[in-house]
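Data block below; observations after.
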Amino acid sequence: MTATKLRQLIESEDTEFLMEAHSPLSARIAEESGFKALWASGLSISASLGVSDRNEASWTEVLGIVEAMADRVSVPILMDGDSGFGNFNNVRRVVRHMSKAGVAGICLEDKLFPKANSFVDGPQELASVEEFRGKIMAAKDSQLDPDFVVVARTEALICGAGRDEALCRANRYDEAGADAILIHSKQAHAGEIMEFARRWERRRPLIIVPTTYSQTPTDVFKTAGIACVIWANHSVRASVSAMRRITSIIHERAYAGDLDHDICTVDDIFRLTNEYEVRDAERRYLAPGTVG
Amino acid sequence: MTATKLRQLIESEDTEFLMEAHSPLSARIAEESGFKALWASGLSISASLGVSDRNEASWTEVLGIVEAMADRVSVPILMDGDSGFGNFNNVRRVVRHMSKAGVAGICLEDKLFPKANSFVDGPQELASVEEFRGKIMAAKDSQLDPDFVVVARTEALICGAGRDEALCRANRYDEAGADAILIHSKQAHAGEIMEFARRWERRRPLIIVPTTYSQTPTDVFKTAGIACVIWANHSVRASVSAMRRITSIIHERAYAGDLDHDICTVDDIFRLTNEYEVRDAERRYLAPGTVG
Amino acid sequence: MTATKLRQLIESEDTEFLMEAHSPLSARIAEESGFKALWASGLSISASLGVSDRNEASWTEVLGIVEAMADRVSVPILMDGDSGFGNFNNVRRVVRHMSKAGVAGICLEDKLFPKANSFVDGPQELASVEEFRGKIMAAKDSQLDPDFVVVARTEALICGAGRDEALCRANRYDEAGADAILIHSKQAHAGEIMEFARRWERRRPLIIVPTTYSQTPTDVFKTAGIACVIWANHSVRASVSAMRRITSIIHERAYAGDLDHDICTVDDIFRLTNEYEVRDAERRYLAPGTVG
Amino acid sequence: MTATKLRQLIESEDTEFLMEAHSPLSARIAEESGFKALWASGLSISASLGVSDRNEASWTEVLGIVEAMADRVSVPILMDGDSGFGNFNNVRRVVRHMSKAGVAGICLEDKLFPKANSFVDGPQELASVEEFRGKIMAAKDSQLDPDFVVVARTEALICGAGRDEALCRANRYDEAGADAILIHSKQAHAGEIMEFARRWERRRPLIIVPTTYSQTPTDVFKTAGIACVIWANHSVRASVSAMRRITSIIHERAYAGDLDHDICTVDDIFRLTNEYEVRDAERRYLAPGTVG
């Protein structure tokens, strides 16, 4: 059901937008802001757990969070599956589990396990094409919902392997059954991404992550026929800035009044967490005099 | 060790301040802002999990998060233990577990299980004094670290039982072995809290949570001899406002550029999650040519 | 799907049998022995976790195990939900979660939280009828699968409240929407159970747990029109005896040879855990030369 | 504390014996049978979870079980750490976590991630010596307890690399800081193990796992100066046989009486799970009339 929604978004003519979320709370907020789909980001989930984006969090820790997100929103979630948390067999287990939990799709990248974040300096190694194709096939064979989306992400540009290698890999992953290709770049402008898109000729939906080239006007992406744009980490980055600012102010002043402009109300928290629904339910399910 | 630090803070002559945290990330930020101790808030941990503050999250879910927080900061953490997650036996299990995990203390409140948030409208029921004293004794008998802090929180004022009942309960909890008393109020001003403090006469450290009476100048608390002030939910509330603002802007503009003033850098996320420490460690532990 | 199977079993004319399981491994074994449905026992799951049957294990710990069991067998699982892990709201959360995870049904008992095991000496307190009816209604309203089975278990006989109270409660739970009634007894013979069944007149399927009255011939249950018999703890009890015997022998002899009659082969473990399926999958998904 | 006990056992003059456990319950039983230390086996923990011994279980799943075992016994536990659940960085995280949880030591093997069980047919690949040395160093640098034991297990014989490679690797791991060497073999007799031991000359304590060569008299191991013998999977294998036997009998007979010889009593389960301790504690902590 959510898988069908995600598939329709990705395969639609328009350029669509996915907003990062890293917790049920942030997922709920992104949904309320109007986003039609969410990106369960490995970087920001790791960050909220306080660990580096190097598969320090175990796959069951990550799945627990993404499952809880899926429980709390009705828009579809595309999960950042890193390099698959191991080999093809770990991919199978993860996809079965996520698919059962109502997650709409997974994105797998052609790096080794444990991975490092794409924006980290230093050499990064690509997985062999054959091994990664096996993971895509294993993912497709393991999904429970026929509309579950498997995105193949190539890190060829990130790893400095060049555009031809990127195109070649995208082709091979497409043949292996990927439902969409994510082409990642860490350039400060969209040059190599646009060149890739031009050559790709919309063979299969193309997804991009404009973190480093965020200044590129969105019309450029639309004209290039990009299927989906992922705003991959902006919610967690906004939360860090805000938490730092407020905790600094409160620490400095030793006073937490007069912050209403910067912090939501407690009542807002209640609303976001279904407090009022539970209170109504008390009337239905709790006999008079048994309120705890 | 962290327990000793928390005990010293609570027993010091000065009024000290604890900042709420709900994740390892927010804990780290609060520590960097200068706070000497943290409050692992039940409300905000529940909120980040997307569930109401009514013990919808299981105690092991909450403990997992608080343990991860304790792993990531060196300042002590006082855990919001709600009403103890069940009876005295659940309290024993939780205290042993938390004490082993390096959490510095726990706060238990004299309500039933499952509890409701103190600021929720509607009648709330107090636990019997005897049953709650049993929980305090069970907590004290179960701590592994002799300096582990058990705070007894009375909800007598919240539940409308009056100041005399609050004082009576505080006394009984003190006798049962509580290391400090948390007196909670939902008035818009500090009146009943100040009156309580005056009568209490510093028999045992007094802790307050000025959420609804946040406009009260902190000097008032100092003069009243309050041992600790907990800023109980401001970090999560700041994050909600910021995430809502940024996701709305990005959704509206379909563009994520020009937000540098409002969101931290990706590099900042790396620093907060020890990415650079791991990269240095790679040089020590990974042989040349084996970087993944 | 599995819920439909369980419903059919319970509503069939024949007396059916559920075997206890406490882990995916024991679930698999019980399925291979021919049982058409399993009982995920609170006592034996707690025991395998090394904790008392008093809700020491959190509900998410228990659910994690039952979910993993459901992943590994195709026969339906009825989960022992104790007294619902809290109030109606916790029941809602558990039922939604289990129903999503493919568990076929839940059994709720009319005791307080935390519960104590029914066979433990000492007074036990029944929940109020109204509060427990609220839990049943909440459970029925929260199931995702229309065939999900909610069993209402009355502990009236266990708590010494008598047969009339047991019948009255069973009636009220039936009216509240329970799909079956579990009537529990700790007598050494089936007397009170048979009397209850006679009076109940098959208004709704009746489930029994002949742990203390295990000597009663099964024909007696069949004649009485019992819908389901739960063998509630025999698998874990067999495992305890066997593990104790083998570890004692090995310790005494300081030698682990010549035990083939008493322990299964390692190959048997491989078969039970799908090792050979994974090896076959390696041929499909792993390119030559990449076997890890 | 438990680490100190394990270190003393391993470094003692005598040949010592570790019994496998895969759950808190089996750990308790092995301790009661007299074993002075336990082996938290990856194969049997995976088996109890119903998954293959190929790192299908996440490291946090495994750690959760081993932590719970450590909570329930006072004898030290050596944890089977497979190939470290990833690279050196995952090893660091696991060791810090286990060391904090009171686990006495970890055994790391020089295979890739995800690993396959040593007794599975088919080619298995060894890790590079340098990469594995990095893991040992990372483990030693991460332990919180100075007596925490890091065992380096070489699979050189398992992978067909020969005795010289095995000795060379053992030497290099010793130099990297390993506290003991585990030399594994899948031969039906102890030949290659004895030859290895002879050449090793007790440079560092030697640990063996006589699963396939279980018929070898223990005196042979003693004479060879083996420090520790691990009975690596016998408890779970005994439980499988017993559960299969009992569930088959009960299914066939549709009757669970007359099995007292084969299954422990319910009371025995109570005793093993501290039921009576809790009941006593009720008297201390629960006021009269509040028993739940």
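Note that the chains are named A, B, C and D in the order they appear, and that numbering of residues resets to 1 at the start of each chain.
Methods note: a contact is a pair of C-beta atoms (placed from the backbone, for glycine too) under 8 Å apart; a residue touches a chain by one contact, two chains touch by 3 or more.
These numbers come from a predicted model, not from an experiment.
Interface subunit B/subunit D: over half of the residue numbers present appear on both copies, so the contact uses mostly the same residues. Across the two interfaces under comparison, B-C and C-D, the one joined by more C-beta contacts turns out to be C-D. We define each chain's centre as the mean of its Cα atoms; on that basis subunit B and subunit C are separated by 37 Å. We define each chain's centre as the mean of its Cα atoms; on that basis subunit C and subunit D are separated by 30 Å. The set of subunit D residues that touch two or more partner chains comprises 51-52, 54, 71, 87, 89, 113-114, 278, 282, 292.
Arrangement of the chains shown, judged by which pairs touch: all-to-all, with no pair of chains left without contact.
Residues 51-52, 54-56, 58-61, 85-87, 89-90, 93, 113-114 of subunit B are the ones touching subunit C in the complex. Here subunit C touches subunit D in the complex through residues 17, 19, 23-30, 32-35, 43-44, 46-54, 68-69, 71-72, 111-117, 119-125, 210-211, 214-218, 231, 233-248, 250-251, 254-259, 262-266, 268-270, 272-275, 278-279, 282, 291-292, going by the rule given at the top.
Across the complex, subunit B meets subunit D through its residues 71, 87-89, 92, 96, 100-102, 128, 130-131, 133-135, 137-138, 278, 281-282, 284-287, 290, 292.
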